[in-house]
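First chain A sits with chain B, and in the next complex the same chain sits with chain C.
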Partner chain A sequence: MAEMEETILQYVKDEYLEEDDDMEVDNDTPLISSGIVDSFSMVSLKTFLEKKYKIQIPDAKATPEAFDSVHKIAALVREHQNQ
Partner chain B sequence: MAYAAKVRDALREEIDNIESAGLLKEERYIHSPQDAWIDVEFPAGSPLKKVINLCANNYLGLSSHPEVVSAAHDGLESRGYGMSSVRFICGTQDIHRELENKLTEYLGTEDTILFPSCMDANAGVFEAVLSEGDVMIADRLVHASIVDGIRLCKAAYDSYKHSDMGHLERKLEEHQDKRIRLIITDGVFSMDGDVAKLDEICALAEKYDAMVFVDDSHASGFMGKTGRGTHEHCGVLGKIDIITTTLGKALGGASGGCVSGRKEIVELCRQKARPYLFSNTMPPVIVSAATKVIDLISGTTERRDKLEENTKFWREGLVEAGFDIKAGESPIVPVMLYNAKLSQDMARDLYAEGIYVIGFFFPVVPKGQARIRTQLSAAHDREHLEQALAAFKKIGEKYGILGLGKKEILEKFGN
Partner chain C sequence: MSNIGSYEERRKSFDWKEAERELGYPENGNHNIAWYCVDRHCEKGRGGKTALIWEGHAGEEKRFTFDDLRLHTNAFAARFRELGVEPGERICLFMDKIPELYFSFLGGLKMGGIVQPLFSAFGEDSLITRLEDAETRAIVTTKKHVRKVRRILDRLPHLQHILVVDADGFALKDRETAFDYEKAPPVETFPAHAVTPESPSVLHYTSGTTGKPKGALHVHGSLVSQYITTKWVLDLQDDDIYWCTADPGWVTGTSYGIIGPWSNGCTQLVLDSGFGSARWYEFMQKHRATVWYSAPTAIRLLMRDGTELVQKHDLSSLRHLASVGEPLNAEAVVWSKEAFGKEFHDTYWQTETGCMVLCNYPGLPVKPGSMGKPFPGIEAGVVDPKNHEPVKQGTVGLIALRPGWPSMFRAYWNNEKTYNEKFQNGWYICGDRASIDEDGYYWFVGRDDDVINTGGHLVGPFEIESALIEHEAVAESAAVGKPDKVNMEVVKAFVALKPGFEPNDDTELSIMNFIRKKLSPLAMPQEIEFVPSLPKTRSGKILRRMLRAKEWGEEIGDTSTLEDD
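Take a look at the complex of A and B:
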């Protein structure tokens, strides 16, 4: 697993899963459409990514679709790192 | 015509999608005043059915109380029907200010401002008080109206896991660079019925120099020994900077809400809160009746005491019968069913038994957390609750869920 995916996955688990959640989350698990992350609390993930990877993700790009799995999020981060 | 066929078709498709997902909300026509017993026409066109109401926010049973109705008549006679104005032009009567003062005294705050609803109070307060450079840190299960209010405000926002004080503390540490930190929570959470840990929240607020906001809509009038709300219940009277609450639940049940708290915050709402500035004043009828409600509950704790007894009886009865409920002390008692279809089937069968309850499922509650939310009232007598318990037991037996926990119910009915 790429380091970036691993970091994001760990953040998602710490930030959004409850201790008693028995849910398995991997890089392809839908996050928003499954209800693990709602569009309201998604903002902390965006802030984390911007700080960690020193990027700016415009609000127009921070859509529920773009944040719907760890893989998609990593792709979004890479896209902005290359700009 | 701008309402072209393609627009009509697109909107129709959206409604069809809602319906095919099983999420279409249908109104039930009630032909009687709000009370323990109500006469319901459902589905539309059906003969009226007398049912015990276990899903109203009529916690104190004051919605149709004769003294409240009489005060509404007095308000109509003495101050008229409408004011045809917003508050700051020519819509403030003496009785508006009188009600604000009574709420201030009742809630133990510095000042109060009325809004057309608590939805409006929550929509207006953050934007009026906070600006860029501030941060709002909200519990993840706060009411939708708070989410809307936060979205309208230019301050940064963040959220913490439901009632997770460790997570909240990390967020407070993270945002020490902000001018104002505002912790935002419901007092009693409307879907789970649990109470915010306000004592711990206030301690954290002190430690990290933050303010505290509480929406006490499901608590004002009955939580705490004298019913002041969750701040009384948790022993933090005077420590909450902003309380919003509604007059549409325990406090008469008609409509209206308020922001109550620090003087300057209330004054800023008077100057800047858009739902206050641009929405009509509360009608005199409601102001007059709500004032009577505050008088009634300031003089005696009889009604909140009865509600507390009813809540205890109902919670104990459900547990004894073998239902899996969310533990707690509030009169919101969710009967956990986990499976969405089961919640709908049981609610329908209970209605046939003369018990009016509603099943909730995703997206109103998280996936796999479907439930029937029951709500107690001081209008309920022991016989109502005994009859309702008997019906719950009968239907619980029918589906074979008595004594089962989450795992067993999900094994039996699926997720």
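Take a look at the complex of A and C:
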């Protein structure tokens, strides 16, 4: 697993799941549509990504679809790292 | 032909008794909402009609007829009774939009309980506040959410029963019992507990500027308002497939996501999934939705994804669209006409009103951006904030309603003083500012207090500030609403840090997540501005309104004369 995916996945598990939640979450698990992360909470996830990867994600790009899995989020981060 | 026909004619001749007659409301007899929403249809031979089409986030689908509803609500009612829950005791519902939420809501009413639905994203502090105040006796939840309840259980001596509806293979703890409606023995008969129109039914908590959230108490007689407004404003007809996108943790989700449509005997859709434009369109296309009641925040998100996405789906089944939550901007109304060939009809009401009070109606021209006109049985006005006398046409004042419609709240739980303060000069004062134009249409201007309306949900600044100062880095804080293109307002916090803490991204993220978990994602500041200190009155009260005015680009005025407000 790529390091970025691993970091994001761990952050999602730490921040959005209950401590003893046995729910299995991987890089393809839907995050928004499954309700693990709601549209309001996306802002704190976006802040984490911007801080961690020293990027700026425009609000227009921070859509529920773009945040719907760890893979999609990592792709979004990479896109902005390359700009 | 719409159900309402001519708005003007209805307004002239309206009498709530007409709705009572349609419902077959007895002079003396049982007025239990659950019976009207479920058993009545079965007794009329319509038990085989589909009542609920439910879809989960992964696409799993379940269908229930009115007869299924009858059996499953019986099962919940019987279970509550077996546990020893007495009529009048509070039963909290704390889960996502799964079928059990709908069954337990009506099952709780059926056995005479006061049902207290709570938004499943609430954090521990939000839960404690509401469960402590209501002295809630039982809670129905799922293993996903029960952990939050466990962490606060020692502070809730009244909470004796925790029903976990998906406990298969899950280790239960103190006060918890499993209940699976699919495995429970069928309960063929459960006579609805006898209630009058004035018997309490639903307790919905709503936020205010100061103090803790207030529990608005409704009664079984609210059904009359909810039935007829659903019929006339949403125009629900027998063959409609209706989708109300609201969560029953909030009043729209119970008044128009349960009671309204099912008292009209309609088939409704429920999608238990987070927001996604394509997902929503696919859902409506698949189930041939005809009437859609949603919220401005969602509509603006759909707008952002454009008309091209709409056109990739066959949404030709849609015949009527309506909206509620916060004012629907004119651009969204115009866009919906372009995208769906139909205008969204904005409606205005509150937790306290229990039903729509200002609406745009089928057949009445929509003025984009307007809240519409008073419902036929509602006497509304705009009054002066000081003397509460009606103001001249076009003048901004407070929206006011003459008390007496059936679904008006009857109390704030344990808070008679605040309840009484809502009534002035013979009016119920809504707390929103508006004006009325020459044609009688109402135009929203803003709230009259500091409550933040974010995505159609009210969040109290006091609750957020109280939680903020519990964060180790926060010395003092103020929470205000700041403008937002999608949510109308979002929470912004001004924070002064304690010595030794740095105003950086780490601190900001830590505070955001702290509030999200403690209160709810809605209450989480979407922006934090670190300040050396906060502006205060001479007596030391934080000038929240001044900070808010700055965010909205409004005049701050001469601050040297500001007194406590």
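Assorted remarks:
We adopt the following convention: the second predicted complex is superposed on the first by the 83 of 83 C-alpha atoms of A that agree within 3 Å, B and C clash if a C-alpha of one lies under 4 Å from a C-alpha of the other, contacts with A are read in each partner's own complex, and residues count from 1 in each chain.
Note that in this section contacts are C-beta pairs under 8 Å (C-beta built on N, C-alpha and C of every residue); 3 or more make two chains touch, one makes a residue touch a chain.
None of these values were measured; they are calculated from a predicted model.
After overlaying the two complexes on the shared chain, residue contacts for A:P30 are found with chain C alone; chain B is out of touch.
In the superposed model, C is the one of chain B and chain C that contacts more residues of chain A. Legend: residue contacts after superposition of the two complexes on their common chain; A:D20 is shown touching chain C, with no touch to chain B.
Of the two partner chains placed by the overlay, chain B and chain C both lie in contact with A:T47. Of the two partner chains placed by superposition, chain B and chain C are both touched by A:D38. With the contact threshold set out at the top, residues 15, 18, 34-35, 38, 40-41, 43-44, 47 of chain A are in contact with chain B in one structure and with chain C in the other. Residues of chain C touching chain A in their complex: 57-58, 96, 121, 144, 147-148, 272-279, 301, 304-305, 454-455, 505-506, 508-509, 512-513, 516, 521-522, 524, 526. On the side of chain A, the complex with chain C involves touching residues 15, 18-21, 23, 30, 32-35, 37-41, 43-44, 47-48, 50-51, 60, 63-65, 68. Here chain A touches chain B in the complex through residues 15-16, 18, 34-35, 38, 40-41, 43-44, 47, going by the rule given at the top. For chain B in complex with chain A, the touching residues are 140, 147, 150, 157-159, 161-162, 362-363, 366-367.
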